[in-house]
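What follows is a group of structures, each given as structure tokens.
In the two complexes below, subunit A is the common chain; its partner is subunit B in one and subunit C in the other.
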Partner chain A sequence: MPKYKDMVQPVRATDEEMRHIHIDPVPDDEKCEKALQYLDEMRKKFRSFVLAMESCVKCGACAENCHTYLGTKDPNNIPTNRAELIRKIYKRYFTLEGRWFGKLVGAEDISLDIIEQWYSYFYQCSECRRCARACPFGIDTCEVTFVGRQILHWLGIVPKLHAHVGAAMERVGNHTNLPKPGIVDTLEFLSEEIMDEFGVEVPFPVDQPAEIMYIPSSADFLLNPYTLMGAGMFFTYIGASWTIPSTVTEAGNFGLLFDQMFTQRHNVTRLLDAAQKLGVKKIVWGECGHGWRAAKMYIPTLADRPVRWPITHLHDEIAYYIRTNQLKLDPAKNPKPVTLHDPCNYARACDLIENLRTVIRASVVDFREMTPNREWTFCCGGGSGILFDDPEMYQRRIQLSAKKAELVRATGVGANGDGILCAPCSICKAQLYPMVEEHKLGVEVKGLVDLLGRALVWK
Partner chain B sequence: MPSINVNGVEIEIDEDGFIVDPDQWNEDVAKYFAQVEGINELTDDHWKVINYLRDYYKQFQIAPMIRKLCKETGCSLKYIYELFPTGPAKGACKLAGLPKPTGCV
Partner chain C sequence: MSYFILQILPYVTMVVFTFGLLYRLGRWAGARIVHDITLSPFPQSNTQVLGIFGAELIFFRSLFSSDRALWVGAWLMHMALFAVIGGHLTGIYFLGKQFIYIGTSENLSEQLSALLGTTMGLIMFAGLLYLFYRRFAVAKVREVSTLSDYLHLVLLLSIVTVGNIMRLWEHDLGITYAPVKDYVTHLVMLMPLPMTHEVFTRPFFVLHLLFVQILLMIFPFSKLMHVFGMFAERWIINRVYKEPAPGLPNVDVQAARRAGLGLPSSEGGV
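And now, the complex of A and B:
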């Protein structure tokens, strides 16, 4: 483990862990039948999925646009071929030609091997949607991965990492199992750190009545101190009435990545409960790519009530304050060369592109664009929670980040070993911290609000 | 579920080699994991990190922010990697009997 007939697979959740996230795993002898039933339900529900099943002409434009294929050279990682793993089943059971002519038209009977193939390949796709950007038909292969992962979840096949995160979200409202006392202790520690380093008093209100509810990524509490510090410094600088809700210290929503039907909805409900309880006027989102997609694009349809609060991203807020000259910034406080990694979900799902540049240009001296960038950005290789660290999957992560490494190197920011790779997303950070070492890029990984916080000039 | 045998006591571990029940931890368990992690000898600095992690976990049911761990123990991150080659989360937490950190870490 974790290998199945020469395919890499992430370590999977045990049956007991699946029950924690409300799934009774389907026994092997019923899996095929159940998978078909779920596939039938999904195809009737999602036209985006049917479009991918019916319209692809195998032109191959997606191949060279997929960092997973470029890094692994495994033909099954070409987006259209990955979709084919499910398309051949779709054809066999849900199309006339497939039912009549079977293999002659590329249809295939479902089997346990096929399901295991789904598990391997749908968890090598990072749902980054660069292939969708390149597809002349507008097929969004990410929708196929969504369907594949959802069916696997219902069958009881989910990576241990994702299952643990799902259970933690329900238990404490964040991905890392961080309870309120730990949240408060960490924030008090960061207040002291800010005082020591920047000489300003920055309180982090928790569960206080306020106008702004700030949703940080829980990884910031363990790994990304300057991301939390930067956000706190920004809110303090503008004199905001703000608070962090202890019940939702999570900008991410792994439900988007493996179970949109329950896990993702549950976290939306939790968020809206917190906003209602604290009586806030606005919700501001922290640095998390998939989580911002889940918030901006999915909350309106997943909410179980009218959403009365505007939901904005921290960097949209900061960019507004910069454009209106309300922040005094000294870029010289960030003198090292910096390049920006556009998180896929910001760039291709949320149009959070130019505001990132407004913030970075105002905060650093030497900003160098990576090419390609913006909506043509390549994924860090960890997208959709491919952060597995068992030896086989870790090796795969190195391959999946190879394209990004090549692009970072081409900017020259790490040439003297003192570059900064700005990656304003927690999954990107968690992936890139070790990967910049593996690829010897000579850069340090930082968030964007980290740089902004450092550049603030206090009165 | 796999298990390890330390001084005749069977202790359950998960697929990543972390102990399942933090209450089953004792110093011999830490020494056992040290061998697994390729650490020849547990020095005072190792114990300082392990004990800090255990105390923090007892109080807050979570591992501390890495920056806080460094500050409170006086060990730089680089030094912690020297002490625990697989790092603070996967190495030090394992020896201290904490659950494996989850999420985007």
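And now, the complex of A and C:
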């Protein structure tokens, strides 16, 4: 399955798995007709999509600003060409010029092959929005990928990975299928680890009445324990009344990535229910790029009810306490050279740029900026959850991370093999853990609050 | 034929252009801004938003950062285009004597008008030629181009070439401002011109107007809509966003540190 007519494709969810995420797959002979119907609905709804369809001049400025094109050199991975996969259908059915002068303007009839092309290329785009930043008009090709994936989802075509994550979220409230006893156990274990390594007592309250609800990424329970430990240490250090809700132990929201209607809204509902039940006053978000975008930018329009809780990011809060000189930090506890990977969702969708630097400068001795960085950051290559493990897609992941590898190498932090690549986002971490090995960068991948937790001076 | 192009077609062109434009903009307006997709760093005030719009419009700032080689050609071409459009309006209305308002003599004003017009026309021609060359020569641009992308440039080059010929060989092939102003005035007032009028006897003038009208008629149904698309798109992605105030409820760090929170009980913590 991972290849279709020379196109790489992620392994797709079975019909049964699609039903778990509330979709009855459309049979092949109805796919084209349905795709057009869904496309018609989308174009009437999203202006950002219509503008990407109707005002691109094909100048080509986006091409070399896309890490996917740079890594694969596949012309269909040029952002405007990726959008063209839908645009040629859009022109053919929804514009006068496409209906009258089809060939001339590049319009094309829909077919199953085209739908398969969508599946291949919209799951190579990591929705990082660097093309929107580069475009002279600000055309946001990410919106086209969103629409493409939404239509595919409704047709019943979703990668197995994304479908599993969607189903797990609905079942237990996180992406890793970790039930409440597992959560409590893991947190107790992390408390012990903190005691052993840092000599401090850090409890992790679960479902306790509290002022602050902390939403960690579920990957932090298994893959990035120091991120969760760092967050716990920070909350304990400042004496916060905080808790983790067992019903939402997930900062991510894969709805943003494959179904911005039902799935994404469902996760938002779940979060707000938890906040109401626990009676908290503020919600603080953990290290997760797409999840923070989904929370900060989409909850206001997906909540369907008044949202009483201000929602901030952990690093916005930490930076505030650093700026007001309330934390005692010893950067010498992090002596290795560190560079920062700006996660694309923080840097281009959430304006979480300066605060990351406030935290990192206060926590480490040797911080080196990457170039380009901030809102011009290149994606890690795993953005939007394209972390597929099958051999073909894994090879593609190596290509997609090539640009980032080049930039990390240029900072020189890994020159002696003891550098740190700070990537404060779960998807970035999951992508970069294997990729720094593949590209032999001589760096270890860490979260940002990991470094802060280590730098805290308790006495 | 000349009579048709200069006296009848312009009204058809205006109808197609106006209603086509309204149709297209209406379609855009019909779709909504569903979610907040502001591009960061977020502007904090409408003045800053205006600053972004201005920098993009006047300097093509994003393009400057993302593709410098394209920026050179695109910026020169567009600035020359704006100057040429402005020159047509003022030159024809004031008969080339517009610069007397900044203190020149009538004669000098006419010379300046001619000089600026010629220069801008040539810059625009060079810019278009560069963009055309790019479509063939640069692999990534060739890969995103369809036939219509080339044809747009051919049409624009035709308009500019004819315009430049009329400028450079003004006495043989061009036309003076006065008959053109007379023609435009009659056109706007819906008054027909006599068949013997000078404009009908100038083939390059007729050709110039034919090409421009073709451009205006395809305008609403083509990528030329990027003129409006830029504003519509930036209206979505460059918006004011105010961050919620940082600071956690009922947190007193100093008190927590005095109490030794987190320190093991044996060392005197809680």
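What we mean here is this: the second predicted complex is superposed on the first by the 459 of 459 C-alpha atoms of A that agree within 3 Å, B and C clash if a C-alpha of one lies under 4 Å from a C-alpha of the other, contacts with A are read in each partner's own complex, and residues count from 1 in each chain.
The definition used in the following text is that a contact is a pair of C-beta atoms (placed from the backbone, for glycine too) under 8 Å apart; a residue touches a chain by one contact, two chains touch by 3 or more.
What you are looking at is a predicted structure, and each value in this text was computed from that prediction instead of being measured.
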{"item": "Subunit B versus subunit C as contact partner of A:259, first or second or both or neither", "value": "neither"}
{"item": "Subunit A residues touched by each partner, larger count belonging to subunit B or subunit C", "value": "C"}
{"item": "Contacts of A:186 with subunit B and subunit C, given as first, second, both or neither", "value": "first"}
{"item": "Which of subunit B and subunit C A:427 touches, first, second, both or neither", "value": "first"}
{"item": "Subunit B versus subunit C as contact partner of A:450, first or second or both or neither", "value": "neither"}
{"item": "Touching partner for A:222 - first (subunit B), second (subunit C), both, neither", "value": "first"}
{"item": "Residues of subunit A at both interfaces, subunit B in one complex, subunit C in the other", "value": "none"}
{"item": "Contacting residues of subunit C [partner subunit A, same complex]", "value": "24, 27-42, 56, 60, 62-63, 65-67, 70, 74, 134, 138, 140-141, 143-149, 151, 221-223, 225-226, 228-230, 232-234, 236-238, 241, 243-257, 259-265, 269"}
{"item": "Of subunit B, residues touching subunit A in the complex", "value": "1, 15-16, 59-68, 89-90, 99, 101-105"}
{"item": "Complex contacts: residues of subunit A adjacent to subunit B", "value": "1, 11, 14, 160-161, 164-165, 168, 174-179, 181-182, 185-186, 189, 193, 217-219, 221-223, 225, 252, 288, 385, 387, 389-390, 426-427, 429-430"}
{"item": "Contact footprint of subunit C on subunit A as seen in their complex", "value": "43-51, 54-65, 69, 75, 78, 80-81, 84, 95-97, 101, 103-106, 129, 132-140, 143, 195, 199-202, 211-212, 233, 236-241, 260, 281-282, 284, 297-298, 300-302, 310-312, 316-317, 319-321, 326-328, 347-353, 374-376, 458-459"}
